[in-house]
Amino acid sequence: MSIADKSVISVEQFDRDALERIFACADECVPVARGEKSSGALAGKILANLFFEPSTRTRLSFGAAFRRLGGSVETTVGMQFSSMVKGETLEDTVRVISGYADAIVLRHPELGSAARAAAAATVPVVNGGDGPGEHPTQALLDVYTIRRELGRVDEVCIALVGDLRYGRTVHSLARLLTCFRDVRILLVSPPALAMPEKVIAYLDQRGVAWEKVGSLVEATRMADVLYVTRIQAERFDDPSDATRLMGTYIVDRAMIESAERSDITILHPLPRYGDLAPDVDSLPGAAYFRQAHNGVPIRMALFCDIFDCEP
Amino acid sequence: MSIADKSVISVEQFDRDALERIFACADECVPVARGEKSSGALAGKILANLFFEPSTRTRLSFGAAFRRLGGSVETTVGMQFSSMVKGETLEDTVRVISGYADAIVLRHPELGSAARAAAAATVPVVNGGDGPGEHPTQALLDVYTIRRELGRVDEVCIALVGDLRYGRTVHSLARLLTCFRDVRILLVSPPALAMPEKVIAYLDQRGVAWEKVGSLVEATRMADVLYVTRIQAERFDDPSDATRLMGTYIVDRAMIESAERSDITILHPLPRYGDLAPDVDSLPGAAYFRQAHNGVPIRMALFCDIFDCEP
Amino acid sequence: MSIADKSVISVEQFDRDALERIFACADECVPVARGEKSSGALAGKILANLFFEPSTRTRLSFGAAFRRLGGSVETTVGMQFSSMVKGETLEDTVRVISGYADAIVLRHPELGSAARAAAAATVPVVNGGDGPGEHPTQALLDVYTIRRELGRVDEVCIALVGDLRYGRTVHSLARLLTCFRDVRILLVSPPALAMPEKVIAYLDQRGVAWEKVGSLVEATRMADVLYVTRIQAERFDDPSDATRLMGTYIVDRAMIESAERSDITILHPLPRYGDLAPDVDSLPGAAYFRQAHNGVPIRMALFCDIFDCEP
C-alpha cells in the first residue's frame, strides 16, 4: 500500500483490530501530547491544515498532534483565501498542495469532499469533517475517551442525548461502537430529532442493542456514559416547541443528582451552549475537557499509522 | 508555584527585582532574537497565539520570541474563526486550548478577558492586550528600551505626549515607571485628553514626580525621552478643534530643532500616522523601530521566566 | 553585499549565470523538497510570509520551501489583519517586521510595492507578486520547468497562449527567456489581448525571435512547449465576443490530437478554469502540476542564495 492510499475518510475504515492498535499507540502518545516527552518522529515533515470552514478546536488539535511529533504545520483558513474563489476545483487544489506537504487535513462543507480530495491528492488526506458527511477523528477520540474513562468499551451502556437526527458526531460514534461487544445504546431525543433509520438499521445489522428512552433522568439512571449534544432551536418549526423541548434535554447538576448518578461519565463534543451546565464541571465524571484533549494523542496515533512511525 | 500560575496579566505583577531579572535575561536574549545565536530552550513546546482582534505587530513579536527559543506557534486570528462565534464562552475556549498548547497569548477586546482566561486555563496565559485594560508586555518593552537607550531608568525625565486619556500604553508605562528611583514624568496633552486621575493618584502614592507641561517644545527641552502617542480625531466633539489641537502635538524635525534637542530619545508604540514625522527617523535618538524590535527579547525573557529556562 | 541587499524584486536581476547557478541549486533541492531528504540549512531562521491579497498556492509554496530547509514560517494573510488598516505605511510595516524575521515574502496589490518594501526593510524581501508588476519566482519556476521537462531552454520554441496583454506571468516569462540562446516565441491571443509593445520591444532589443500565430492548432504543431493562460471574459467589451473568442483558445485533448502533438509539453501557471481541459491531464507532457511543484525547489534555491547556504 502506498502512503497516498493511507487517507482517513470514514469510520467504516476501522475494525476492532485497527482500533485497538490505534488506541494502544495513542496511549503511548499521551505523555508526548502533554509535552512531558518530546518526539522527532515527523521532523522535516509538513502538514497542510486546510480549513475551508471555521473550526478552531479541530484545527488546533490536528496542528498540535503534528507539531508534538516534531512536524511543521501550514494552515489555510477560510474559503476566501483559496484559489477556489477564482473557480479552481477541489481536485486541482489538493493536487497542487500535494507538492507542498506530506499530508493534508481537510475540513470542507461539502458531503463527499474528503473522498474526492483523497482521490486527487498524491499524499494522504485526513477528513476533518465534510459537512453533513463524517468527522471520523471525532468518533475515534470519543470511543478512545470511553476506553480511558471506563477502562473498556465492551459492555458499555451509553445514552446519546439531544439532536440525534442532524448531529453528525452521534452517527459516526454509533457506527464505531458496533466494533465492540455487548454495547447498549440509549437514544434520548425529541421525536422530531430522532436517530435516522439508516443508522438504526446499521446497529440492527451489526447486532447492537438499542432502545429509545423518553426521560433523560431515566436514561441517566441506566447508562454508564451520557453523550450530550446540542439541540438547535432552528431545527423546530414552532419556536415555542423549541424552548419547551430543549429544556427537557439539559444536563445539569440537579438532573444528575435527581437520578442519583453523581458518578456517571459525561461526554460532549463541545462547544457547549445551554445544553450542559457549568455546575456539572466539578463532578469526577465530567470528562468533556479530557475528551477534547484526547483529540491530540488520537490524531498523533493516526499520523504514526500514516507515516509508519513510533511517537 | 505551578506553571499554570505563571500568567502575565498586569504590570502590577512586576516589582523592581522582577524587572531587573527580566531585563538581564532580555539582554542575553538579544543575539538570539537577532538570529545571530540559536536556541533550543523551548524545543517541542507549542504556543497558542490567540488574536481575537487584529494586531499584526504584537502577534508577530510574540511568535518570533517563541520561535527564536526553538518553539512552535499555532496562530488564530479573528473572532470569526472561533467556536466563540457559535456561543462558546472564553473560559471553555481557553480550557480546551490548554490541551493543545503549553502557553497561550491572548489578545481580546474585552476588559478583564485575560484574567478570566488565566483563571480557566491550565497553562500560563500572557495578556497581549485586553481592550481598554492592559498591555503589560508593551510597557515592559518600553521601559526596557529606555534602559537600553539611556543606560538607566532611574533619574529619567520622560515626556508622555498625545492622548494620555485613552492611550492604554501610557497608563501601563506610567505605572511601571514607579518601580524606579527619581523618575520625573511630564504630561503633554490637550486638556480633554489628560492623564486620568486614577493614574495620577497612583503616581502620587508611589512618590513619582509629575507635572503638566503645556508646550511640546518646552517639554522637549526638559525631557530625556519623548514618548509620543497618537491623538485620534474622533476623541473630540468638534472636528475643527481636533485638527487645530492635534497639530500642536506633532513631533517633527523642525519642532525638535527649535527646542535644540537633536539628541533627545524618541519613543512611539507604533503604528504612527501624522503624529511623528518621518523626517525624525534619521536622528540618532529616533528609537521607535529599535523599541518595536525590543519586543522580541523582552517576550523571550518572559517565556524563559514562565518555562524556567535560559535562552 | 549585505544580506539586506539580497532582495528578489524583478526577473531583470537575473542573467544567464545567475539562472544556471539557481537551477543547479534547485536540482539539489528536489529530494529535500519532496521530503526524501531533510535539511537544517535554515534552522532557527524565521520567514515572514506577508500576503496582503489571497494566493494560497504561492504562499504555501514559499512556506514549504522555507520549512523544508528547516526554517520556521510566520504567516499574515489579508489586509484586514494589518496595522496598515489603521493607516500605517508599508515602509513602517516592513521596517518593524524586519525585527521579527530573517526574510520577508511580500504579496501586495500595488505596483512597485515590493521595491518600496525592500528599500525600507533591513532584511531581504522577496516579491511574491506586486499587482500588475512582477511575480519573478513564477517566471523562474516556469523556465526551470522547461529545463527539467525538455533538458534545455536554449533553442526552445514556446507558444504563449491566451491573455498576453494582462497576464503578468507571460510578460516576466518572455523577459526571462531572453537570457537563453535561439529561443523562439509564438504569440497566440485574441487581437485585443495581444502582447504589449513594451515586451515586444524588449524581445527585439535582446534579439529573440517571435511571431504572432493566429491558429492555436498551428502553434501547437510548431511549438515544443504550450504555455497556456486564462482569458477572462471581463476583458472584452462585448460578452458575446468573449464566449466566441475564448472558445478558440481552449487547450483540450481533441485540439492537441488534431495537431498530432500528443508529445507536446503543456504548462499553465494555474489555477485553470475552462482554458485547459482535464482530459489533457493524462498526456505525458501535461507538466502543469509538476510545474507547480517545481516552485518549492526554485524558492529553496533562492533562499539558499539569500542566506548563502547549501540545501
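Labels for the chains are A, B and C, by order of writing; each one numbers its residues from 1.
The rule we apply is simple: a contact is a pair of C-beta atoms (placed from the backbone, for glycine too) under 8 Å apart; a residue touches a chain by one contact, two chains touch by 3 or more.
For clarity, every value in this text was computed on a predicted model and none was experimentally measured.
Taking the definition of touch as given, a chain qualifies here only if it contacts subunit A and subunit B alike; those chains are C. Counting the residue numbers that touch the partner chain, subunit A and subunit C have less than half of them in common.
Rounded to a whole number, the gap between the C-alpha centres of subunit A and subunit C is 41 angstrom. Along subunit B, residues 72, 75 each make contact with two or more other chains.
Residues of subunit B that touch subunit A in their complex: 43-46, 48, 72, 74-76, 80-83, 85-88, 92-93, 95-102. Taken together, the subunit B residues at the contact with subunit C in this complex read 35, 38-39, 54-57, 60-61, 63-64, 67-68, 70, 72-73, 75, 77-78, 270-273, 289, 292-293, 295-296.
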